[in-house]
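Consider the two complexes below, in which chain A is the common component and chain B and chain C are the respective partners.
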Partner chain A sequence: MLLERCSITCIGKTLMMIVAIFLLPQRAWAAIGCTLTDPAEDLKYLYPEMTSYKEELKEFTRMTGGTVLFASLKDRLGSDLDPIYETYETPYTVYSVFKGTQKMGIVHGVNVPGKGGVIQVFLSMDPTTAEIRKFFFQRLESPAATQLRLKAFREQFEKMTLADFYKHDYYAAVDPHAPADKLGKIKPPALDATTRPDYDASLRGIRKNLILLDFFIYGKRFEPFFEKSKQALQRKNKTKG
Partner chain B sequence: MRLSIMTILIGIGLMAHSPSLAAEDEDPFADVKPQPQEDEIKNKSSFKQFFLENFGFRKELMSEFGIDANQSMASRQSIGFEVLKKFSTATRTFSAINFQGRLVRRDGYVGFLNDLEGMDRRGFFFEYHNAYVDFYNVLDPLLKASYQNALVGRFNFRIGRFYLPFGLNLQTDTHGLVLQLSNERNFGYERDWYAGLWGNLNQHLQYNLYYMMGSGYDPKYAGQAGLMGGRISLSNQYASEYGLEGGVAVMVGQRLSPDALARSIAVAQHASGNAHVDTLRFGVDVRYRHAVPTGLVTWTSELGGGWDAPDGVFNQLHELSYLHASRRFGACTQFRWFWQNMSKSRDIDPVLALKSIDASVLTEITWYFRNDVANSNLHWIKLNAETQMMRQKGGVNVIGTLQYYLYW
Partner chain C sequence: MGKINKSSMRVVQYMRLAFKNLRRRMVRTALTVSGVALAVAVAVSLGGFMLGYRGAIDKSIEMLGFQVMIMAKGCPYEAATMMLKGGTGLLYLPSETFDKVKNDPDIASITPVFVGIAEKEGSGVRDEGSEKTFSIISGIDASSFTVMKPWLKFKQGPGYDGGHWFSTTANKEVVLGFEAAEYEQRKVGDTFYVSITPHGTTHPVQHALTVVGVLERTGTQDDGTVFMPIDAARTYFNRQNQVTILGIKLKEFSAFKMHEFEARWLKLPEVQVVGLQQVKNTLVGLVATAQTMIAAVAVIAVIVALIGVINTILMSVYERTGEIGIMKAIGASRSDIFELIWLETLMICVFGALLGSAAAVLGTGLVEHAIKSLADLGVSGSIVKITPAVIGYAVIGAMILGFLGGLYPAWRAASMRPVEAIREGAA
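Showing the complex of A and B:
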């Protein structure tokens, strides 16, 4: 009965519109991804001397070789990608912070799945050395939120780079107490077995964030550490074998 | 045998003196250096950077079918799009444009909560929703660097059509949802045409301050004074650290609202034929998110009171929602209540005067095929039931809505 009111011409027009919409180029939404809810205030807090900031949208779908790069994310992360949080279409927003014309910092956030829901891991980075300046959570839907937000825990990651995460892959397997293993020295907050997964998810979030920044901003600067870690582990495994 | 032992010893000696292998035993990364960085934007023209970067285009399909207790049925089908472009120089993002449009086909009407605007729109109708431009840090060109630093985020200018600065609407994207917040019922529309400033007051508070046309959907001027509206809300750090959002708001002035005139004889008489509704509202709102072992529970409340002269009005909305940690399943219940003092209308015409209260309870379950955290890719089926408890006009009803939504 409802359709009786709609003439064949109307249906035809609707179908044409639907086809036209589906034929439009696939581009992801610009203002979303893991964004700072209040960039000006947050960036000013991180960089008190800043005078301006610039937002840049980064999408695998629009990058040359984006599919290959996206596939390589899983290897570098060392775990499967989440089908909701970590899709090929997920957009990312990188904030560059300036004092006058001098670039003071880079801020970038990612979403990772936690036990209770979303964990948004943000890093503020040194633009030249690619070291972590500060690590903080925006959204943290976790029963362990209080412990994970402790400054004493978060401060331990300052000055670390993606290289430290890649190196840790080797040290954790071969020499868990190696003095050079910075990540291995991190003291987790007091958590029980039920909240421990959110600690692991947070570490995974930091690593993912650093890998994406290495792709988007730092020109895959730390790739030699990933390759070396992989080779060294393979060699060790062969020797054991 | 002697040869074999010699060979082994020589081999061990060679291994011990091999610089690379010896170094690897000590630290396999000792000789690894970061690779030089390439300039990622060297091949991009400034034209492309300015116009094509930070440009987004999203598509939307929405299909809704509704039925009420009187066996009336309705169909609302739409295809839509959303465009957002941010403009930047080498060192600053200074502007953003947002536009949402939909081609809607409506057959029948049962009063979907997310389509009250559609009451008078049958057949095909192209409609717009967001249509605004933001200019960030608008005073920067006039300021020295030290003042730019002090005022980062303080003065942003918005012009166009967007959510009213009242309640939680400004920080809630209700574009594809069936359950809505309270502004549409409170003012007759949830978006208006306006211009004004927004930004941070300090690290704890944000502000929105706008002059609104007071005309709702169409940018229409019929001699009304328009509305001044302002909202002061908690800054983002409270949402981040405590899961808490909230604010207070005020709206004052004149608006065009055929609904308000039709609802109250006293308001229509007060407007004395010019269709201007003298409006005052004070509001307070809060939303609290709390992680539980299996997901996220959210409480939302909006309270608003004031008058559509000469009638006093008061509305409240309370909502409890749950989202499973997998983000695949959600459930929600909402209570809506709107009261208007109709005593003056009853004094004028006791027969035609409407009742004072509209109240409903809504329940909804959602299955998400895709539910991106940042709302960039959404795909769901919702089943919603509205049980009307009291109506100002007509009898109570039960409305069932089945919605399919895809946003990508």
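Showing the complex of A and C:
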């Protein structure tokens, strides 16, 4: 009875449903690129004492020597860039967080292709020391999502800098078990062959994020560490050869 | 012939004189022209919006591919609401309905579509996690579906080459709409995770599917859809013998045929038949109120502008009382004065109309952006279309208003007695 009455009165509503399913653009697909979903709310959550923030768009295409800088990203990352989604044209949004006039922090996110979908890796950074204050995922579609989102896992990256990633490369070449290798000491969550790629993609995301911030914000201050690791790797390869 | 030449020369002379008069009070003329231009710009934009929006609806409906849809009876509004909020409350038809309907003699082509709502990880920075979002999964029979939508093409180029539709027996393959692929940053050959809660259970099951194709952008809902074989979708959603809609193209699409078809199939207790003309009317109805309000604003703007024009010309007439008196005293007839003042009004209106039309054309993007940011109109593509016809109507409308608006000031000026006018002007 209820169904009958409903079906009589709902022709208009039926049409609305058709409109909703088949014609209306889906909001879920609206945001492409790695920006915070709700910057004001998200930054306030990360920095409760924040009073204002500033968004800055960084693009290699608009930088002097952008092509050279972009090419150097691949070297420093140690892996190929996705030809479609990690291109020269990809824009990056850097958020600067203020308390009054004092810059409290920097927040930046990058997209990295995960095994089954994009992974959005965000870092909240110390504006002066370039140390990671907080590492978090904005989007992570993965069977390993629960483990990777664990606070205990993510907290291990706090206080690390890009130098630690370059040092890891250095130690990998000269002394793989060096106690000073902070990145080497990171305890990954229990992973199997299906979930491991997303862990690796997450690490790649952190590294890419730090390299880009070093280019955009920190004036390439960690370059000496990269050079040192590169030389160590060359020496190792030469010895092998 | 000579008469015509003389007459046209007189009009040209009057126009020169009228233009000269208007230039004497440059600021006032400019302000009056601006008022007319603003009113015309609003009217032209509105006309362009009405035209463009209807065109966009037609295109969106055409791009849907179907003329008629058969779907489950019931109250789908709640279902739509649930679906938009990420629920799974869609209504389904038994598959036998497809078998019953497919042999209808009026059907040119028919395709069954199974729509399911899959869960996707939400987007958020909080430690406690974020709200789940959703993704529309369309289970289709690729061969009949593509007959309905022949414009669907696979994206080509590095990362996309080799894209193809899945085979009917495939159960782990998906084709992604352009935006779905971009949002998930997927390419052909990549894995695509999707979490589906099978009907009758409470926990979602994550599936790793392979992307076998990425579609080119169509500007429709298909861009955000994940397509998979209908049987696989039914299995994942645990609705093996169900279908969401039957999309139909009739051999002859007319109101009469549609009515016949509807009457034939409404006899089935479980179905309702929906013609896309009804959908179109619903969409038009969605913005009808807003359009009426904007039209009312445009009418008010036009009236205000017209009052402004009459006021300007009247002021000009009163200021030139003495001058008009002298013109009459040296031989100008009532009709000469009438035509001159009338022409001044007309010129203001025509200049305003041209300026307003130009502003409307230049501001199309802005108007479109403003409308789209204010309301989701359910269509994609351009919704403001300013055609030469729209501009033509606006200019003709402004000229008619100019003719009407100029009547009183022109009559007032033409009725002045020369001696009194000269005396008043001197005073």
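The working rule: the second predicted complex is superposed on the first by the 202 of 241 C-alpha atoms of A that agree within 3 Å, B and C clash if a C-alpha of one lies under 4 Å from a C-alpha of the other, contacts with A are read in each partner's own complex, and residues count from 1 in each chain.
Basically, contacts are C-beta pairs under 8 Å (C-beta built on N, C-alpha and C of every residue); 3 or more make two chains touch, one makes a residue touch a chain.
These numbers were taken from a predicted model, which means no experiment stands behind them.
After overlaying the two complexes on the shared chain, residue contacts for A:138 are found with chain B and with chain C alike. Once the two complexes are laid over each other on the shared chain, residue contacts for A:46 go to chain C alone; chain B is not touched.
In the superposition on chain A, A:118 makes contact with both chain B and chain C. In the superposition on chain A, A:151 makes contact with chain C only, while chain B stays out of contact range.
Contacts of A:98 after superposition: chain B is touched, whereas chain C is not reached.
Applying the stated contact rule after C-alpha superposition, one finds that A:37 touches each of chain B and chain C. Between chain B and chain C, B contacts the larger number of chain A residues. Taken together, the two complexes place residues 3, 6, 10, 13-14, 17-18, 21-22, 24-25, 28-29, 31-32, 36-37, 42, 45, 84-85, 111, 113, 115-118, 120, 138-143, 145, 149, 194 of chain A in contact with chain B and also with chain C.
For chain A in complex with chain B, the touching residues are 1-3, 5-6, 10, 13-14, 17-18, 21-22, 24-25, 27-45, 48-57, 84-85, 87, 89-91, 96, 98-101, 111, 113-118, 120, 130, 137-143, 145, 149, 163, 167, 170, 180, 194, 216-225, 228-229, 232, 235.
Contact residues of chain B toward chain A in the complex are 24, 27-29, 32-38, 40, 53-59, 61, 73-75, 77, 79, 81-82, 84-86, 88-93, 96, 98, 103, 105, 107-108, 123-124, 136-137, 140, 145, 148-149, 152-154, 199-200, 203, 206, 235-237, 239-241, 289, 291-296, 323, 325-327, 370-377, 408. Only residues 3, 6-7, 9-26, 28-29, 31-32, 36-37, 42, 45-46, 82-85, 111, 113, 115-118, 120, 122, 136, 138-143, 145, 149, 151, 194 of chain A touch chain C when the two sit together in their complex. Across the complex, chain C meets chain A through its residues 60-61, 64, 69, 71, 73-77, 79-80, 83-84, 115, 120-127, 129, 133-136, 158-159, 179-180, 182-187, 190-193, 206, 208, 220-221, 223-224, 272, 274, 278-279, 281-283, 286, 376, 378-380.
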